[in-house]
Amino acid sequence: MEKLIGVWIAAFLTLCIYSFLYRDNPFYRFAEHLFVGISVGYGIVLSIHQGLIPFAWTPFWQAITQWPPGWGLTKLIPIAIGLLFFARLIPSYAWLIRYPIAILMGIGSGLAIPNVMQADIFRQVHGTLTPFSQIHAGTLSGPEIFGAILMLIGVISTLTYFFFSVEHRGVVGGVSKVGILFLMIGFGSAFGNTVMGRVSLLIQRVEFLLQDWLHFI
Amino acid sequence: MLKKIMRIDRRIIFILVALAVIIPTLLKVSFPITVSEPTRKLYDYIEDLPSGSTVLIAFDYGPSSMAELQPMGMAFLRHCFQKKIQVIGMTLVTDGATLGYEIMQEAAKTTDAIDGEDYVYLGFRPGTIQVMLGMGTTINSIFESDYKEKPLAEIPMMAGIKNYDQIDLVLDLASSSTTEAWIAYINTRYNQKIAAGVTGVIISQMYPYLQTEQLIGLMPGLLGAAEYETLIDTPAKATKRMSVQSFVHLLVFGLVILGNVAFFIQKRENENV
Amino acid sequence: MRRQVPLALCFVFGVVMVLIEFSPHPYSKSLYNEVINWSLIIGPFALVLGVATLVQTHWIRIRRRAEYWQYSFVVLIGMIVMVAIGIPFGPSHKAFKWLFMNIQVPMDATMFSLLAFFIASASYRAFRARTLEATLLLVAALIVMIGNAPIGDFIWNKIMPFDNLPSTVRQWILENPNLSSRRGVILGVSLGVISQSIRIILGIERSYLGGGD
Amino acid sequence: MKLKSACLLGLILFFTCKIIALAQLSEFSSEEFRAIDEITTEKSPAPPTNIKTTDKKNDDGTSITISWTKSADDGNGAKNVGYNILRKSPEGDFETITKTLIKTDKTDYTDDTVERGKTYLYSVQAVTSSGATSNSEIRSVEATASWFHTGKKWLFLSVVLFSVVVISSIYHARSGKDIFIRRIPGLEAVDEAIGRATEMGRSILYILGLGSVSNVATIASMNILSQVARRTADYETALRVPCNDPIVMNVVREMVKTAYLEEGHPDAYNEQDIFFLTESQFAYAAGVDGIMIREKPAAVFLQGTFFAESLILAETGNSVGAIQIAGTDKEHQLPFFIAACDYTLIGEELYAASAYLSREPMLLGSLKGQDYGKLMIFAAIVVGIILELIGVNWVTIFFDKVSN
C-alpha cells in the first residue's frame, strides 16, 4: 500500500516538474519549493546523525564522563569553536563565526598547496614528458608518436592562451590561436558527453513513469 | 518558410525529444555495446585481484545523477561479489547516504553477499577532504560504526582492515569534483589506486588523469555502466538505456544539422539581397 | 579581535598544515591527525549557517507577503517534517526513507532531466557554426555524441568493412585533443588554486571574512 | 619572537632524545655479547661479513635496513641455505626476528618492527642445511624519525618559490607599478554591445548568475558590471539586473549607483531596474526568460557563476536576437555559452577581465604571479622534451620523483 502511494506521489511530482516545459506554473512552483524544503531537511538530519553526533557529541560525552579527566578534554576546544557558528543567530555577535571559518580556511588552504602542486602540476608535467621518453626508447608506434606531439602542442598552446601579461601578437598570438582551437574541441567533447548525461536522466524518469507507475512495460 | 522552420516553437522540439525516448522504451530495442579502453582497464584490474581483496566504493552523488551512476555501482558491485572481493561502501555527499545503502542491499541480494562478511556500508560523514585524510590514519577514527550503527570492531570483515594500506582500490562514483580530491589527496599521500565512474558532464575532464595513471580506470557516464554490464556479461538497466539513448542522440544530431543548414541558407539569401 | 585574531588563526593553521606535509616524524603525524580531527569536529557546526539563512529568507517573505510568499510555507513545512521524523528516529527509519525515496529522489532526478529537452532545443536554435571556433566545437560534439550512442557503431558495422569507427574516433578525440586542452586548463587552474591558498593563509585575501570590521 | 621560542623548544626536545638514547646504549654489557658467541661454537659456516645497519631515512622512525656480504661458504659446496636476522632491543635478549629464512641470493633486509628512539643490536646468522649456524659481528643502530622528508625537498622549494613569486608580484602591483594585461576580445565587445543597444533604443540585461557575494566569479562579474554601468550612464541606456541573491542585489545597487554618480548622471539611475527575482534555480531561469521575451534586450551579459540554467538563458537570449557576452569559471557550462553567445570569457579570462577593469593590485599581482608559474611549467616541458629527444631523461626522472 505505502509503496503504491509512494509511486503515485512520485509520479505526480515528476509531472509537476515537467509541466515547467509548457511554462512556469503553480504546480511547478509547489514542487520546486517542496523539493527545497525536503532536501534541506534531509541534509539537516544527516549532518546531525552522521556528523555532529559522531564527531562532536560522542567525544564530548566521553570527555565529560571520563574519570579521571584525560586527554579527551582537549576535544572540548574544537567543540567550543564549532559552537561559535551559532553566533550567526545573534547579529551583534555574528563576527564570531569568523573564528571557525578562518580555522577551516587555513586548514583547507594548507592541505591544498602541496597536494595540488604535486598531483595537478608535477604529475601532469610528468605525464606530458613520458611519451617522449618512450619515443626515444622506440616503443611508440607512428600514430602514438603523432598523438604525443599533438598533446605537446595542445598543452603548450592552451597554456599560452591563458597567459595574461603578454600581448597575444606575433608568435604568441599564433600559438594562443591554436590553443583556443584545442579548447574548443575539448568543450565540444564535453558538450557531447553532457547530452548523454542529461538524456540518461530523462530516460530514467520515463522508465519510472511507464514502468513503475503505468505498468506499460 | 525558412523563417518559419527556424522560429519553430521549442515546445515542438520538446515533444520530439519525449517521443524519441518513449517509443524506443516501449519497443525495447537493443544494440550491442563497444567496450572502451578506460572501462576495460577497471574491469581487468578487478579481474586480476585475488578473492578476499578489498575495494572501497564512494557513492559521491545524489538523486540527480542516480540514473547514470546507480547502474555503474550495480554492475561493479556484482562483479566484486561474484569474485568474492570484499566491498566497503561510503559517501562524502549527504544525499548519497540512502542511495548507497539501497544499492548495496540490492546488489547483495542478487549475489547472496552477506552484510558484515562480504560488504560493509559505512554511510556518510561530513568534511570531504578531511574525511578522506582521516581514513588514512584509521577508518575507525572516522566511522566508529557502520550505517546501521553497528560498531566496526564487531564486524568480522573489518577485522584486518585498518586504513588504505589494506584497500586495493578506491572507486569513486562522482557527480562533482570528488574524484579530483581523491586523486590530489589520497592517491598523492597514500599512493592509493583510484578509479572513477563519473556523470556525462565531467567525463572529458578525467582524461588527463587517466594518462598519468592517477586514475587506473574510468567508467564514462551511462555508457560506462553499459560497458561494464557487457564485460560482466549481465546486460541490465544501462544497456537498455543506452539503446534508447541512441535515438535521442540521433535526434539531437539531426537538429544540429538542420539548424545549421537553415542558418547557412538564410545567410546566403541575406548576402544575395 | 574581530579581524586580526581570525587572520592569525588562519595563518597558524595554514602554515602548520603545509609544513607537516614535509615532515614524516611521529610528532608531526600526530599533530596532523589532531588538526584533521579538529576540523572534522568544527565542520558540521557550519550547518547552522545554511539553515539559518534559509529559514530567515523564507520567514521574511512570509511576513512581508512578498510575491509567491505562500510557497515559503511549503519550504518550511517540508523541512520541518523531515527534521521531526529524522532527528528522533534517525536516517534509517522507514518513514524518513520513504519521504526521501518518494519525494526528494523523483524531484531531484526530474529537475535535471528537464535539461535534456533544453539541450535539444538549444542544439537546434542556438548552436550555429558561425565561426571556426564554434564549428570545431560542434563537430567535436557531434562526433562524441554519435560515438557514445551504440547505434553509431551498429549502423557503421552494418555498412562499412572495418568495425567501430564512431566509438574509436570519439575515444581518440577524448584521449588526444581533449586531454591536452584539459591539461592546459588543469595546470592554469591549479596555479590559481595554489595562489589563492597562499593569499588566504597570508591574510592578503580576506573576502571570506565577509564585510564589516 | 614566536619563531625563536619554537626553535628553542625544538632544541631542548632534540637533546633530551639524544641523552635518552645514549643512556640506553650503555645498558648493554660485554657479558651479553659473549653469550651470543658461545652458542655458535659448533662446526659452523663462515659468518656473513661487512654488516651494515642503516636507519631508514625520511620515515617516522619505524624501520631499519640491514645489509651484509655473503658468508664465504655461501655457494661453496652449497653449505648455506639462508640467513636469519638476530636483534636485541634495549629491554630484551637477542632473538630471531625473521619468520622464515632469508634466501641466499638476498643480502639485505628491512626491519619494520622497531620502535623510534631505541637503539638495537643486529647480527646476521648464516644457517646451513644441517642447522649449524654462525653469527656475524654485531652492529648497533638507533631508529630515528626525520623531521624533514628530504625526498620532498624539491616540492618544498617549489612551494616556497611560487609563494615568493606571487607575494612579490602582489607587492609590486601595490606599489603602483602598472601591470600589463592582454587584450580580452569579450571585453572589447562591451562597447559594441552598449552602442548597439543605444542605437536601437533597447535595454541591456546583465545577469550575474547564481553565485553569492563570496564567490570569486560573482565578484569578478560585479567589477565588470560596474564598468558597464559607467557606459550606460553616459549613453543613458536602460540597464536591467535581475538578481538571484538578495545580498548580491544590495551590493549591486550600491555599485551601480556609485557608477552613475561618478559619471555625473545620478538622475538616470533607477533603483527598480536592479531587482530580486527568486533564489531557486529554474524559477530564476524562467523569470529571466520571461524578461528577455517581453523586453527583447539588445544586449545580454551573462557573467559569473552559472550552473545548469546557463543553457536555458543563453538559448533564449540567442533566440531574441540579442548580442550576448558571456563569461564563467564553471567549466561545464562553457560549451553552452560558446555555442550560443557571441563572445565568451573562458575561465580565468573572467578573472583577468575583472582585474583589468578594477585595477585591484591583489588581483593584478596574483594574475602576474600565476603567469610566472605558467612560464616555469612551460620551460620545464620544453626543456624536458628537448632533452628526452636527445636521450637525456633527467627532467622526466625529476618530475617522476617529485610527483610520487
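So that you can tell them apart, the chains are marked A, B, C and D in the order they are listed, and the count of residues begins at 1 in each.
In the analysis below, a residue touches a chain if its C-beta (ideal position, glycine included) is under 8 Å from a C-beta of that chain, and two chains touch if they have at least 3 such contacts.
Please read these numbers as outputs of a predicted model, since none were measured by experiment.
A.B. asks: What is the graph distance from subunit A to subunit C, where chains are linked when they touch?
C.D. replies: Step count on the best path from subunit A to subunit C: 1.
A.B. asks: Determine which two chains are connected by the greatest number of contacting C-beta pairs.
C.D. replies: Looking across every pairing, the one with the most contacts is A-C.
A.B. asks: If you average the CA coordinates per chain, which chain's centre is most distant from that of subunit B?
C.D. replies: Farthest chain from subunit B, going by C-alpha centroids: D.
A.B. asks: What is the distance, in whole Å, between the centres of subunit A and subunit B, each centre taken as the mean of its C-alpha atoms?
C.D. replies: Distance between chain centres: 14 Å.
A.B. asks: In whole angstrom, what separates the CA-based centres of subunit B and subunit D?
C.D. replies: Centre-to-centre distance between subunit B and subunit D: 26 Å.
A.B. asks: Could you grab the centroid distance between subunit C and subunit D? Build each centroid from C-alpha atoms only and quote it in angstrom.
C.D. replies: 18
A.B. asks: Spell out, as numbers or ranges, the residues of subunit C touching 2 or more other chains.
C.D. replies: In subunit C, 18, 21-22, 36-37, 39-40, 43-44, 68, 90-91, 100-101, 104-106, 108-109, 111-117, 119, 121, 123, 125, 127-128, 133-134, 137-138, 141-142, 145, 148-149, 174-175, 178-179, 182-183, 185-189, 191, 194, 196, 198, 208, 210 touch at least two other chains.
A.B. asks: Going by the touch rule set out above, which residues of subunit B reach two or more other chains?
C.D. replies: Expected reply: 14, 17-18, 64-67, 95, 97, 125-127, 130, 133, 201, 203-205, 208, 211, 221, 223, 245, 248-249, 252.
A.B. asks: Could you list which residues of subunit A touch at least two other chains?
C.D. replies: As it turns out, subunit A has residues touching two or more other chains at 20-21, 29, 32-33, 36, 39, 42-43, 46-47, 50-51, 55, 107-108, 111-121, 123-128, 152, 155-156, 159, 162, 183-184, 186-191, 193-196, 198-199, 201-202, 204-205.
A.B. asks: For a test of understanding, state which residues of subunit C touch subunit D in their complex under the given definition.
C.D. replies: Spelled out, the residues of subunit C in touch with subunit D are 18, 21-29, 57, 68, 111-112, 114-115, 118-119, 121-122, 125-128, 133-134, 137-138, 141, 185, 187-189, 191-192, 194-196, 198-199, 202, 204-205, 207-208, 210.
A.B. asks: Which positions of subunit B touch subunit D when the two form their complex?
C.D. replies: That would be residues 191, 201-202, 205 of subunit B.
A.B. asks: Could you please specify the touching residues of subunit C with respect to subunit B in the complex?
C.D. replies: Per the touch definition, subunit C meets subunit B at residues 33, 36-37, 39-40, 43-44, 90-92, 97, 100-101, 104-106, 108-109, 111-113, 116-117, 119-121, 123-125, 127-129, 138, 141-142, 145-146, 148-154, 164, 167, 171, 174-175, 178-179, 182-183, 186.
A.B. asks: Could you list, by residue number, the parts of subunit A that touch subunit C in their complex?
C.D. replies: Contacts found on subunit A: 2, 5-7, 9-11, 13-14, 17-18, 20-21, 29-52, 55-56, 59, 75, 77-79, 81-86, 88-89, 95, 97-117, 120-121, 124-125, 127-128, 147, 150-159, 161-162, 179-196, 198-199, 201-202, 204-205, 208.
A.B. asks: Per the contact definition, I'd like the list of subunit D residues that touch subunit B in the complex.
C.D. replies: Of all residues in subunit D, those touching subunit B are 331-332, 404.
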